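First chain A sits with chain B, and in the next complex the same chain sits with chain C.
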Partner chain A sequence: MAKVFIYPATSLILSDLVARFGHTPLSAAQSIREHIQTAGLESPPLQISPEDPKKGLKYAAVEVPSGVRGRMSLYGPMIEDAEAGIIIHDADLAFGCMGCARTNELIIFLLKKRDIPVLELNYPKTDAEGAEFVAAIRDFLVGLGREK
Partner chain B sequence: MTTPVRIAQLSCGPEYSGVQKEIDQAAKAVDAEIFYPDISLADIRRDFTAFGLDVRSPDLKLAIARAKALVEGRVEADAVFIATCFRCAEAAIVRNELRRYIHENSKLPVVSYSFTERTTSGTLLTRMEALTTIARRRALLARETQVGLTLGLDSGSSTTKAVVMRDNKIIGTGWLPTTDVLESANATIQQALDMAGVKREEIQAVGTTGYGRFLVGEKIKADLIQEELTVNSKGAVFLADCQHGPSTVIDIGGMDNKAISVQDGIPGTFTMGGICAGASGRFLEMTAKRLGVDITELGPLALKGMSKQVAMNSYCIVFGTQSLVNALAAGSSKEDVAAAACHSVAEQVFEQQLQEVDIREPVIMVGGTSLIKGLVFAMGELLQVEIVVPPYSQYIGAVGSALLSSGFIREK
Partner chain C sequence: MSAYIPRYQGTVTKYVFVESPEMTPQDLAVRAYEISEGAMIKETCFGLQVTGTAEGVEKIIVALRELDPDHIFVKDRGFPPGDPRRCRANLGGARPGFFGHEFEISLIRHVSYGLHELTGRDATSIPHPPTPSPETKLDVDKLKKLVEAQEP
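And now, the complex of A and B:
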């Protein structure tokens, strides 16, 4: 079974689909949960401590806004860990939404740069497109299982 | 126990920059609470589209929708704090447009800030204090006339100023460089009292402002301890005799600068800060020292020179000083260098701060640097307006404090 990075990383539907086909979704909820539950001196009250944007320097230089670097400290390690990826372009806000467009551009770029299977789809606008959308994700996830 | 002032936060990125806690702490320190206006997904889709600024970042779309909810009264708040990441162009556009939109369409005081992961609650404190003052003390800020015998003290980063006022007139002033904060304050107060010919115990109310306001205010048992944004606005419109209608107050200080858009004497939007001392009065002090003239001579000297003759950019005080030394070494005249230094400081303030407030006439320059005529001239040239420098402009904070503190006489 593969570790699949999903974009938008906040999409519960996408996360659920990946898990249903026996894979491990790499998503925002998981990263933030680990971040909060890992006991330590710097356990932050919110998602991010002031130290995290510095960890994000591995993925974005110091002239990049702190919010991008802070977000990358969450998502960067997951992208490195991923064995596959699913990218949904122009998703509806209700499907899953990530706050910063610049971070999103960087996440998609870094994910595509990895030499791993990546499925890219546009968010469906009709019922027919919706059926094709789910089928494409299913085929991709089933295929991942076979490769393994 | 007073009810906390409710400050609505419109933001993108503070929680991911690790600074949300600092924002919350700064608000708590001035008895305010930060909250996020609660809106639905349908509100976001509708309001973001209606606003018409087609940004990509969903957090900015959310901020836009929240701003509309506040302006349209669907969510109640006392004040608004807009915060986005420093160096993000998309967010900077939204920040400016939201501030303008809220300012033009509601009575909510609004302040915006671009943060980095190093932003601390201390940096935000004066801004939060001003926001809560405007929200909580509208009645106090509505005061237009000074009554009785009051003392105002401005404990600034470079100089300490004191003013004694009686029945709406300034009768004594004091001005000394700030060294030991308390000693400078006491000596300046004594200067003002001596000039006014009154004794300390005759003073009916005292107000303090400036960086040392808390320390001095507690020591001398001030009735009013208030940040300089609201106090300077009041002082400026009082001295310039334009207490009604719009105005813009510019205070280029020794350590930081303030640009305040004022309506009826109450700040609406304001910016505070400055990237480097190259955009402050400190650079002009250094220039005067390097030219071998007193700071009081720099302004008249600059008026005789042509700023365009010397290339100078004081975005950074070190590079600014380097340009200054190079210009003198290349044979530039003192007059031209003085003019270039004034132009450079005015340009930095214009580029870094005045873009963030709506410039509405009259434009009033205050603080010690308003006495440097070359700087006032350069600012007027850049803004294409005639700048007003009221009498006693260097005592602005002390005058504002003396004026506002007279509101406490009746309570005694």
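And now, the complex of A and C:
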């Protein structure tokens, strides 16, 4: 069972398919759960403490907005932990109220920089594309099982 | 600053989405209540939220998936149900994360079709999924040449 980082990190489709084919999806929920289930000082809404942007310094420089560093403190350790990655490129939902464009670019860059298998796709817009999309993810994940 | 005492510590929460012509969230909820064994089940308009120990939730998810495997989708959730930082009852408007789910649910019928077709698919056939356009962004050196060409 490999740990597969998914992008967008909140994706229902990727999270489900990775778990369905027997691997562990690394998604935003896990790191957020870890933060909000750790006792400490009240820091709503996500319990991001002043320490977190400092942890983000490992991935982004000090002059980068603290939002990027705060987000990277959630995603960075998961990218380091990942044994594979799946990226959906036309995921407009990852920008706006759901996330930050610069962080997204950094996440994709860090994933590609790591020497791990990465599958890059777009969302399926038709049934025929859906069939190919699911088959590609299945083959990629089955292949991970063989490599290990 | 006040002390923060987490609720539902040590639990996991999972969303169960159902997008099926043969099953409603209510059908799913009834089955989930039957096998819940102490886990918290919350019925929603799109499916369920299941909260409990990791093993207990996984057991329920496996049983629920069997009802309609191609049309039931599951993902993790960071917050427990009803958390005042996320619950619509406290905030008003759409819950943060709703728009992502709304977008993916609009495409999920294609994924369901893909899952259905997977069983009859030739294992040796190479898939051709939708991929990003190979067009590259403007090269920095080319941009520099363009800028220099514009200078008087």
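A few notes on this one:
As a convention for this text, the second predicted complex is superposed on the first by the 134 of 148 C-alpha atoms of A that agree within 3 Å, B and C clash if a C-alpha of one lies under 4 Å from a C-alpha of the other, contacts with A are read in each partner's own complex, and residues count from 1 in each chain.
Keep this in mind: a residue touches a chain if its C-beta (ideal position, glycine included) is under 8 Å from a C-beta of that chain, and two chains touch if they have at least 3 such contacts.
All figures in this text were calculated on a predicted structure; none of them were measured in a lab.
In the superposition on chain A, no contact is made by A:I108 with either chain B or chain C. Judged by the touch definition given at the top, the superposed model places A:R71 against chain B, while chain C stays out of reach.
When the two complexes are overlaid, the chain among chain B and chain C that reaches more residues of chain A is C. Once the two complexes are overlaid on the shared chain, A:E63 sits against chain B while remaining clear of chain C.
Of the two partner chains placed by the overlay, only chain C lies in contact with A:D139; chain B stays clear of it. In the superposed pair of complexes, A:I116 makes contact with neither chain B nor chain C.
When the shared chain is aligned, chain B comes close enough to touch A:C100, but chain C does not. Of the two partner chains placed by superposition, only chain B is touched by A:E51; chain C is not.
The intersection of chain A residues touching chain B with those touching chain C, taken from the two complexes, comprises 44-47, 93, 97-98. Contact residues of chain A toward chain C in the complex are 8, 10-13, 15-17, 19, 25, 27-33, 35-47, 89-90, 92-93, 96-98, 120-127, 129-139.
Interface residues of chain C facing chain A in the complex, by the touch rule stated above, are 1-6, 8-10, 12-13, 15, 17, 73-79, 83, 85-86, 96-97, 99-101, 103-105, 107-115, 117-118, 121, 125, 127-132. Those residues of chain A lying in contact with chain B across their complex are 44-54, 63-71, 74, 93-94, 97-102. Every residue of chain B that touches chain A in the complex is listed here, in rising order: 12-21, 41, 44-45, 55-59, 61-62, 84-88, 90-91, 115-118.
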